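As written, the chain order gives the labels A, B, C and D, with residue 1 at the start of each chain.
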Amino acid sequence: MMLPSLGPHAGFILAAYAVFLVAVIGVVVWIVLDGRQLSRQLAELEARGIRRRGSDKKPDAVP
Amino acid sequence: MKPLAALFLREWRLSTRVGGGALMGALFFLIVVTVIPFGVGPDLKLLARIGPAILWIGALLATLLSLDRLFQADRDDGALDLLMMGETPLELVVVVKCLAHWAATGLPLVIAAPFLAVFMNLDPPAIGATVATLLVGTPALTFLGAIGAALTVSLRRGGLLSAILILPLTTPVLIFGVSATTAAVTEPTPFLAPFLILVALVLFSLVVGAIAAAQALRLSAN
Amino acid sequence: MPLIDLANPTRFLGFVGRLVPWLTAVTIVLFAVGLYGAFFLAPDDYQQGATVKIMFIHVPCAWLSMFVYATMAASSLGTLVWRHPLADVSMKAAAPIGAVFTFVCLATGSLWGKPMWGTWWVWDARLTSVLVLFIMYLGLIALWQTIEDPIRGAKAVAVLTLVGAINLPIIKFSVDWWNTLHQPAAVFRLGGPTIDISMLWPLLVTALAATCLFVTLQLLAMKNEIKRRRLRTLRLIEASRPHAVAGTPVVGAAS
Amino acid sequence: MRLAIESLSVERGGRLVIAGLTVAAKAGTALVVTGPNGAGKSTLIRTIAGLLPLAAGSIRLEGGDPELTVAEQCHYFGHQDGLKTALTVKENLAFWRDFYGRPALSVIEALEVVGLEHLSELPAAYLSAGQRRRLSFARLLISHRPIWLLDEPTSALDAGSEVRLIDCVNDHLVSGGLVIAATHAPLTFRARESLALGHVVAEASP
């Protein structure tokens, strides 16, 4: 199983995959951090005893 | 925190938060530069020749058109009256607001310029020169644009009118900005001469802009 | 599970929570298989040599940039026509992801173009229409930024998305026409119709992998958007909650 | 400290809204300006606040800080609240405290006085009209300015907030401050003089 020789333009190929990788990791990190921050703020508010109307019992549409 | 620092932080927060419109200028800049080849045609040599001019005109329009909210927002909710009653002179308030607007709108233009220069098929020295002149020149556009924004603050739809009023005033900045860029590319002509004149224009427009805009705001209070 | 059943955000959050780990695993496996096929099994192109490997990322991203816009158009129909409560959540979540994939498509296209055409950017018909699509994505994100109330704002964005979707084929056609008008004929045709089977299956696998990746990111982004709306509701409730006994004024308020 | 207004005339929209007004407001008493709509109540207040040019006459603050103009020694509490919806309650107030300088109450203390301290981290967009008015009023408490210019101060305020506002104003008067309030509501300030505008020649009635 020969290692693929990427030829003279190897740099461009690796650069292309690097761009893809950086972009995907960037989006994943952004989503995870955003989600974590939102959960923290939600927990803070709910800790102060603020509940959505009947948030547990009946299913409500998107508030 | 000192008054002017607090004002800068406030303006920065307002423009970078949701609904602030910080990147609107850069987006408009991207669209204007992208549309040109559709009209002119994808001939790379032609685009390379007119590239710096297109980038400069795009930055000029993007700055002027994003300036109408500079004073209008504060006037609509009464903050402008309170700013005028502060012990800080109104001229300095105008300068700080312009710097904050430039940081939020002007700087993204300069950052976007190299990418758009690729669309214009500019080679590295031309890209470097364009970015340098834009970095130095765009504050002048903001200071001059502030005069238009102050003059039309009491009008309902003053945005376009302020651009029309101020466009003639910005022609020197445009001329020296583009000529400095082309000078950097063509060997014989010196780059420094038009560049330094551009810097002088920026300082001049800072002073004139601050005083004229502050006076316009005082006159428009009712 | 009927689609309408997912309308309930709480149940949707649960559904996403269970599905995402599996989807991530599938995505990783598909990428591994696809890229293995691309790098080790597929032969180099007789003209371009190894640079054709970029195709295995560039083409899936190009496909995704259109697929994401299609899902946004479908979601905008969901908002305007069927009033599905999660439709505008998915629309708002998809815009940034679509923009990122379109940008990657442009970047990889430019990186692919440099060794072959000698310049970073060529006003090739396909790249140009993807560029216009990229600007449309940024426009949608900008419109979302200016909206205070997500429920009311969603209608406006839905209309713009639909108008965009209708115009896409027209843009594609006019850019092609504009391109042939100016462009000298000898543009290397990328990936001609008859693509060798040994290069085709890795391409399909990476495309599928990219689609799974998008679905995973989309579900997570929708989860965030639902949390953002709940946060907004809780804040509204907190503001309207009657405050306890107002504090007595502090003497010497302004001396 | 005494605010002396001598033969003041102010033009607004081409009309001489105030003509030859002479009145004085002494420290410790509230000058309550009444009169029908369009009589020039708001115009008088905005003129003192330096927001409108004087057609004739003069406004002087005797006993005030000589280096500052009259406007720089006034707090203006008008119809508009000057709040930014994108900023949180605390950020709005902290900005004005830094911008005006001469700090008095801290941001949290001022919020407690107006009963908004539990919303300090909330963006101002979520506030109701009454809450926005109370937050705007808190601006008067966070920096020292001797003159308070109040234009319809109790509009959009509930009874509890109104009582709180009057208490603050009385505290300001006790500490030697000066208040000029344009209002229709009968406000029970501890010491007040009234000025009825809308007559041809307005004179201060004790």
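Everything that follows uses one rule, which is that a residue touches a chain if its C-beta (ideal position, glycine included) is under 8 Å from a C-beta of that chain, and two chains touch if they have at least 3 such contacts.
In this text, all values refer to a predicted model and were calculated from it rather than measured experimentally.
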item	value
Core chain by centroid distance, with centroids computed from Cα atoms only	B
C-D or B-C - the one linked by more C-beta pairs in contact	C-D
Chain B and chain C, separation of their C-alpha mean positions in angstrom	31
Computed distance of Cα centres, chain B from chain A, in Å	35
Gap in Å, rounded to a whole number, between the CA centres of chain D and chain C	52
Distance between chain centroids, defined by C-alpha means - chain A, chain C (Å)	13
Chain B residues counted as touching two or more neighbouring chains	18-20
Chain C: positions in contact with at least two other chains	148, 235, 238
Touching chain combinations (by label order)	A-C, B-C, B-D, C-D
Chain C residues within the chain A interface of the complex	7-11, 39-40, 44, 49-51, 53-54, 57-58, 61, 85-86, 89, 96-97, 100-101, 103-104, 107-108, 111-112, 114-115, 151, 213, 217, 220-221, 223-224, 226-235, 237-238, 241
Chain C residues within the chain D interface of the complex	148, 235-236, 238-240, 243-244, 246-255
Residue numbers on chain D that touch chain B, as the complex places them	12-13, 46, 49-52, 68, 71-72, 74, 76, 78-84, 86-87, 91, 94-96, 98-101, 139
Residues of chain C that touch chain B when the two form their complex	110, 119-123, 128, 131-132, 135, 138-139, 142, 145-148, 178-179, 181-183
Chain B - residues contacting chain D, complex	1-3, 5-7, 9-10, 13-14, 17-20, 77-79, 81-88, 221-222
